[in-house]
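Labels for the chains are A, B and C, by order of writing; each one numbers its residues from 1.
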Amino acid sequence: MAEITAEKIWDLWTAIQEKRPLVHCITNIVTVNDCANILLAAGASPTMAHHPLEAAEVTEGCSSLVCNLGATESFEAMVAAGKRAFELNHAVVVDPVGAAGSSFRRKLCFELLHQITPSCIRGNLSEIKALATDSSTASGVDAAKEDMLCGGALEETAELVRRFAEERRTIIAASGETDLVSDGKNVYAVHNGSSMMAKITGSGCMESVLLGAFLSVENTLESAAASCGVMGICGELARHRTREVRGGTGTYRIQLIDAVSLLRKAQVKELQRVEKIF
Amino acid sequence: MAEITAEKIWDLWTAIQEKRPLVHCITNIVTVNDCANILLAAGASPTMAHHPLEAAEVTEGCSSLVCNLGATESFEAMVAAGKRAFELNHAVVVDPVGAAGSSFRRKLCFELLHQITPSCIRGNLSEIKALATDSSTASGVDAAKEDMLCGGALEETAELVRRFAEERRTIIAASGETDLVSDGKNVYAVHNGSSMMAKITGSGCMESVLLGAFLSVENTLESAAASCGVMGICGELARHRTREVRGGTGTYRIQLIDAVSLLRKAQVKELQRVEKIF
Amino acid sequence: MAEITAEKIWDLWTAIQEKRPLVHCITNIVTVNDCANILLAAGASPTMAHHPLEAAEVTEGCSSLVCNLGATESFEAMVAAGKRAFELNHAVVVDPVGAAGSSFRRKLCFELLHQITPSCIRGNLSEIKALATDSSTASGVDAAKEDMLCGGALEETAELVRRFAEERRTIIAASGETDLVSDGKNVYAVHNGSSMMAKITGSGCMESVLLGAFLSVENTLESAAASCGVMGICGELARHRTREVRGGTGTYRIQLIDAVSLLRKAQVKELQRVEKIF
């Protein structure tokens, strides 16, 4: 496997614009609008059908599926859509939002993973740790402070993510100051991103649906890492622009969608810091 | 019936500001916030009550009702509110979102149309065609490419829309590059709008609730066409302003609401292209 | 009890930034995203868990709870979370949104108040009056025109709010042109705010979750009044900035979140008009 280059990231990005993949999102009420808008900004197309009686049929017309555990009320639809997506060989992303602070959500997540086979599980590091150890690691939906990764612990954490990916036979994407993405063998560290992303709701949920778009054009570890890279790059571009206009977090949220819809190859080349660490 | 003039459109617009109609929206989780905000921007007032035990009572205090089939979980509330609205002679708009790609949603829509009598059905052309033929015409919630109307097929499509309006004894508004609006006799073509509207979620849903506001002040074909004209004009104004600030789709979404809240008569005069084609 | 000073307001504000309280919101689909974003903008952290089987556990990890009656479908979760929050001595805010125009929602609200003990009930004046008299006072979710308070009726209305607070043994915050906040003994009048706040959806809901943050650092009448003051100040700052850029209501909504995330002590000092009236 080659290192990810800006060329490769841009090829995947262009493939999304060309294919215009329809991404079926079963996701929570808090950020569902942002999820739809980021997919459109990326050149993909969202559909949000969560009725158990239509979830499987809707998935048939789509290219990938994203199940966000924040939609606790739509568990049945996730199972129906997930099973059909598997039969059709669609990429499936599971986002265990809130798993760090709710045993009910962990139970729901394990039950979902028992019934469907995701291509990728994406959460913040506290959520990934909570699943790996089946125990609470944080309250609420944000990562615990100690899980906001810095230099020293990076290798150790990367190995934890790799082992969990190996155990689950799927790609794991653990978001944080540095995102760690592994398929159980290799691990990518994505150094892109901005602390502003944690100051708006939905950064994680949007990252998950963007993964749905990337994996629908190429269902590989490289593609998952590229997706996290693009999200991080756009997070940086949005911070830059928000500072320019002296905006706050409201402006930042808008600039993040703008950055996705206006992304240029030169920006990817200049900013990408997606590194294969083992 | 006279051609629609900018004067007529502005009179209806002013009537909305004066009456401040309360529009009862039973609508989907994806775009419900945008729907509320566009109604407020237009000088109307939204209320979003979807509990089956309060839907009818809430409708009593309102001027019109909008049922968006994206809210599959609120079907019972739509029936209860729709029946009460009919008794009270309120305008009722039905938006069959997703009907193009889900047989379940078409079934739900036909069942709703069996139980309630809308003043207007508004969807994109793929959705309208799917209802007219009871078959899938597209995946997801966006119009199929071939349904993005251009010159040649316009008359043929207008006739399809007219016949469906005649059959259903209601106004049909089919959105696309050109919107087609018919009451079964006459057809208006609305040439306003921008391709940017398809790059954000909610343009269609917002058009439906705006129709709820227009039809509450005058429940006619002319009023429906005027509503589509205003939405399209605001879509153009928002594109213009977004380009000025070199914004992306996030900015466009904000500018669209801004354009509605800041609409001036001179803009309607300059931009409106609402044409009676037969 | 001392008058509220800008120093006091700022101390509470700083305490939120330092404690970063996790606020559990069980709230409606219309404005849930705005509620999450304003809490993040204020330095607090939101979590929105509404499944009855996890509501109590999630509340355990939080500092306060906000129950918004717009989430009619989540009544069971409100009761479960509210009981646990009471045991843990957490601040609980109830927002009776829509109580003015729906007897069902008033019934739901009374049932909730029978089962849980809030620290504060916050609604617009029409909603508070509807609860105080158990009768309809307005349609929809906005305050009736006559309840948009002006000079003359202020003392009379303040006494109504005080009596209702005394009766319910809780803090009542009634929003309007002037907010009135009482614990049954004293009453604060908050003269901050902007009429633009009524031109976007969610101002009231956001005020309720902000109260959740303030009361989690100090559960007092003073803290509730300070919260209303901060919300009003940010409403004014957002109007000012929106005018500067000639924006409409879409821009205003973004500027409101920006104002919260960028609030400075000097702005509180200059603008605060929180007055103890008896």
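Convention: a contact is a pair of C-beta atoms (placed from the backbone, for glycine too) under 8 Å apart; a residue touches a chain by one contact, two chains touch by 3 or more.
What you see is a predicted model, and the numbers here were worked out from it, not measured in a lab.
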item: Chain contact graph, described as a line, ring, star, complete graph or other shape; value: complete
item: Classification of the subunit A:subunit B interface as same or different, half of numbers criterion; value: different
item: Mean-CA-position distance for subunit B and subunit A (Å); value: 33
item: Touching two or more other chains - residues of subunit A; value: 29, 33, 253-254
item: In the complex with subunit B, residue positions of subunit C that touch it; value: 28-31, 33-34, 70, 72-73, 98, 101-105, 136, 139-142, 198-202, 246-251, 253-254
item: Subunit C-facing residues of subunit B, complex; value: 22, 29, 32-33, 36-37, 40-41, 45-51, 53-54, 57-58, 61-62, 253-262
